[in-house]
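Presented sequentially are two complexes of subunit A, the first with subunit B as partner and the second with subunit C.
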Partner chain A sequence: MARATASRALIGMHIPDGLISPQTYLPALALAAPLWVIAGRRLRDRLGDEMLPRLAVFTALAFLLSTVMLPLPGGTSGHAVGVGLLALVFGPWTAFMAYSLVLLLQAVVVGAGGITALPVNALAIGFVGAWTAVALYRGLGLLGEAPAVLLAVWGAVMTSALILALVLGLQPWLAHAPDGTPRFFPFGPAVTLPALLIPHALIGAGEAALTLLIFRHARRRRWLAVRG
Partner chain B sequence: MNPRFGLFAWLAAVVAVTLVHEPAWLAGGCAAVVVFSGAGRTVLLVRALRAVLPILLLISAGYLVMSWLTATPAWSFLLLLNLRVTLLALLTGWMLRDVRIERALQGWPRAQRWLSIVRVQVATFRRLAGEYRDAVKSRSTVAPTLWQRYRAGAALGLAVLDKAVYNAEAVTQGMRSRGALDE
Partner chain C sequence: MPQRLRRFLSALAAIGCVSVPAAHGHALLHEVLDGEVLIVRLTVAGGDSPWFEPYEVFAPGEETAFQSGRVNALGEVTFRPDRPGPWKLRVFSEDGHGATITLEVDTAGEVLAVQGAHGDAHGHWSRVFAALGYILGAFGLLMIWRQWRARPPPAP
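On to the complex of A and B.
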């Protein structure tokens, strides 16, 4: 029961405010800040009149993808992420920057996700997700484009889900009262791992198919800016 | 309220709330937000509760079951979690209602420009998708099957993507010709 309810609560991957301890989000911010600076500099060097509108459109698309609910067995649903698509079209650094902007927009414009959880979400989904997608796509290139894209995006979704499950699952251990009562997210990895990984295996498959469709279209239109 | 002050006050308040572990202080914070947020406080409260209620109910229910199975008291944690998450949602709702983000970002033209471009694109996508969906509906006499819906959705999505990119290119060229993108 606890696992099932936690699963329903966690299916929308990124974490809202109030569930992550300062012991987690402050170090995550310290790690993410220099990465944002590097990504920002790389983006500034590459951003021309051709790339700017495409990146804006794909960032908006990733924002909207994260509002598209994919139905899951059991009557629940989860949302797509879109970072795999950004990474395969623009490269991992640009994808990290663009996805961080998506998370920021969700936090300060829509009020979804959370501002304190933003560094954790940006690192797990934006940074690790983007690099996983690109690494798998390059590594699996011999299999052909379609399997490489599908596996790369699915792998990116699962890797991000794994990291977020571990981050959430460590909260009771990281932040608790002297008597052991948790202060933030209360469930350990035994609950969070299956709660996040099982539904995301299905969400990742849906997102991979969607990404393949858009990626092929982007390639036909010569929109790919493959270097990161 | 000065928008930049509002934005930074919200950021500071959100961080501070995660450092407080005393339910009485968090309850006081919730009461303070409701009292000081002025007219429209009921709407703010309802919106905040609607946003966090599902996740709070699910986590609380799971924790209650876990506590019952392990015979440990649950109320102190449940009070802490529910008050904290509600207070954070109230603060964010208040900020979203009263702070104009575009004005708060004055002095950071690059951030302001990015925010504007992406917001315009999101609005464009939504408008185009709505228009195309209505167009498809108006031409269909029978309800489509699930597979037809997926195929129409895919074709529609790609057409909207094309149109959005062309629109964005036109806007970028327009902005460039007026010097808006010059550093």
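On to the complex of A and C.
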């Protein structure tokens, strides 16, 4: 029961406000802030008149992907992430910056995710997800383009899900009342790991297939900033 | 009263005071009732619910909570109003996020009106499209700013 409930609570990948403690999101903010500065400077240096409208459209696409709920076995639903596509087309720093904007708008406009959770989500999905996608794509280049893209995107989704599952699973240990009652998210890693990783294994596979289609289009148009 | 009888009664009273709570002081009796309750289902945008978040229910005009607890595994709060008037349901997280919903209850326990928070998720897609517009608009403004900066200086 706890697992099913946690699964329903977690299936949306990014963490909403109220589930993680200040002991988690304040250090995450301290880590994310300088990375945002670096990413912003690199984006400013790279951004050209041709790249800018493409980045706008791809960011909007990533936002849309992270908004459409997909039905999953077990009566739950989930959504794709979209950061792998951004990372493979524009590179990890640009993807991190663009996906942070996606997460900010998700929190402020749509009410999904949260402001306090934004640094955690941005680091886990935007930063680690983007770098994982690029690293796997480069590392698996010998397998050919299609397997490299598929495994890179799937791996990025799973890595982000793993980090968020661990962040959530540590909350009962990080923040609890004197009697041991969790103040924030009440489930440990034994619940959060399967609740996040199993559904996202399916979501990641679907997202990888969609990304491959768009990636091939981007390669034909010579839009890619990342070399395999 | 004879001294012996007084001592006997005192001892009996002392035994009674000690033994009765010892026998039943921790017993929790219960009965199952049939009745009408209000069920409030809570969702946040995107379809999730505030599972296990704390809540408080306030009776009309009361400042002390009538009921408190955590949102259940179905994302619902259930309570039974015992009087008509505006009942307040406050759902909040540890860091203060949340909402207050006011339910106007009549004498029959029926909800006449609901105020506060958002009634449902109908506005979800309008917010999604608004956010898409913000993204494209922000990049559009960035492009205009870049072109403005790159314009050639006026001829002397």
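Simple rule for what comes next: the second predicted complex is superposed on the first by the 226 of 228 C-alpha atoms of A that agree within 3 Å, B and C clash if a C-alpha of one lies under 4 Å from a C-alpha of the other, contacts with A are read in each partner's own complex, and residues count from 1 in each chain.
The rule is short, and it goes like this: contacts are C-beta pairs under 8 Å (C-beta built on N, C-alpha and C of every residue); 3 or more make two chains touch, one makes a residue touch a chain.
None of these values were measured; they are calculated from a predicted model.
K.L.:
Here subunit A is shared; do subunit B and subunit C fit on it together or clash?
P.N.:
Verdict on subunit A: clash between subunit B and subunit C.
K.L.:
Is A:P16 in contact with subunit B, with subunit C, with both, or with neither (first, second, both, neither)?
P.N.:
A:P16 contacts both subunit B and subunit C.
K.L.:
Per the contact definition in the header, classify A:F63: touching subunit B only (first), subunit C only (second), both, or neither.
P.N.:
both
K.L.:
Per the contact definition in the header, classify A:T116: touching subunit B only (first), subunit C only (second), both, or neither.
P.N.:
So A:T116 meets both subunit B and subunit C here.
K.L.:
With the two structures laid over each other on chain A, which partner does A:L143 touch: subunit B (first), subunit C (second), both, or neither?
P.N.:
In the superposed model, A:L143 contacts neither subunit B nor subunit C.
K.L.:
Who does A:D49 touch here: subunit B (first), subunit C (second), both, or neither?
P.N.:
Both partners.
K.L.:
State whether A:L213 touches subunit B only (first), subunit C only (second), both chains, or neither.
P.N.:
After superposition on chain A, A:L213 lies in contact with subunit B alone.
K.L.:
Which of the two partners, first being subunit B and second being subunit C, lies in contact with A:R221: first, second, both, or neither?
P.N.:
After superposing on A, A:R221 lies in contact with subunit B but is clear of subunit C.
K.L.:
Check the residue A:T181 against both partner chains and state whether it touches subunit B (first), subunit C (second), both, or neither.
P.N.:
Only subunit B; A:T181 stays clear of subunit C.
K.L.:
Going by the overlay, flag which of 37-45, 91-99 or 163-171 in subunit B ends up clashing with subunit C.
P.N.:
None of the options clash except 37-45.
K.L.:
Overlap the subunit B and subunit C contact sets on subunit A and report the shared residues.
P.N.:
After superposing on chain A, subunit A residues 1, 4-5, 8-9, 16-19, 21-22, 49, 52-53, 56-57, 59-60, 63-64, 101, 105, 109-111, 114, 116, 183-184, 186 contact both subunit B and subunit C.
K.L.:
How about subunit A: which of its residues touch subunit B in the complex?
P.N.:
Answer in residue numbers: 1-6, 8-9, 16-22, 25, 49, 52-54, 56-57, 59-61, 63-64, 101, 105, 107-111, 114-116, 177, 181-187, 191, 213-214, 217, 221, 223.
K.L.:
Given the complex with subunit C, which residues does subunit A contribute to the contact?
P.N.:
Contact set of subunit A toward subunit C: 1, 4-5, 8-9, 11-12, 16-19, 21-22, 47, 49, 52-53, 55-57, 59-60, 63-64, 67, 69, 77, 101-102, 105-106, 109-112, 114, 116, 175, 183-184, 186.
K.L.:
If we count contacts the way the header does, which residues on subunit B are in touch with subunit A in the complex?
P.N.:
These residues of subunit B touch subunit A: 7, 11, 14-15, 17-19, 21, 51-52, 54-55, 58-59, 61-63, 65-66, 69, 76-77, 80-81, 84-85, 88-89, 92-93, 95-96, 101, 114-115, 117-122, 124-126, 154, 157-158, 161-162, 164-165, 168-169, 171-173, 176, 181.
K.L.:
Can you list the residues on subunit C that touch subunit A in the complex?
P.N.:
44-53, 73, 93-95, 97-98, 124, 127-128, 130-132, 134-136, 138-140, 142-143, 146-147
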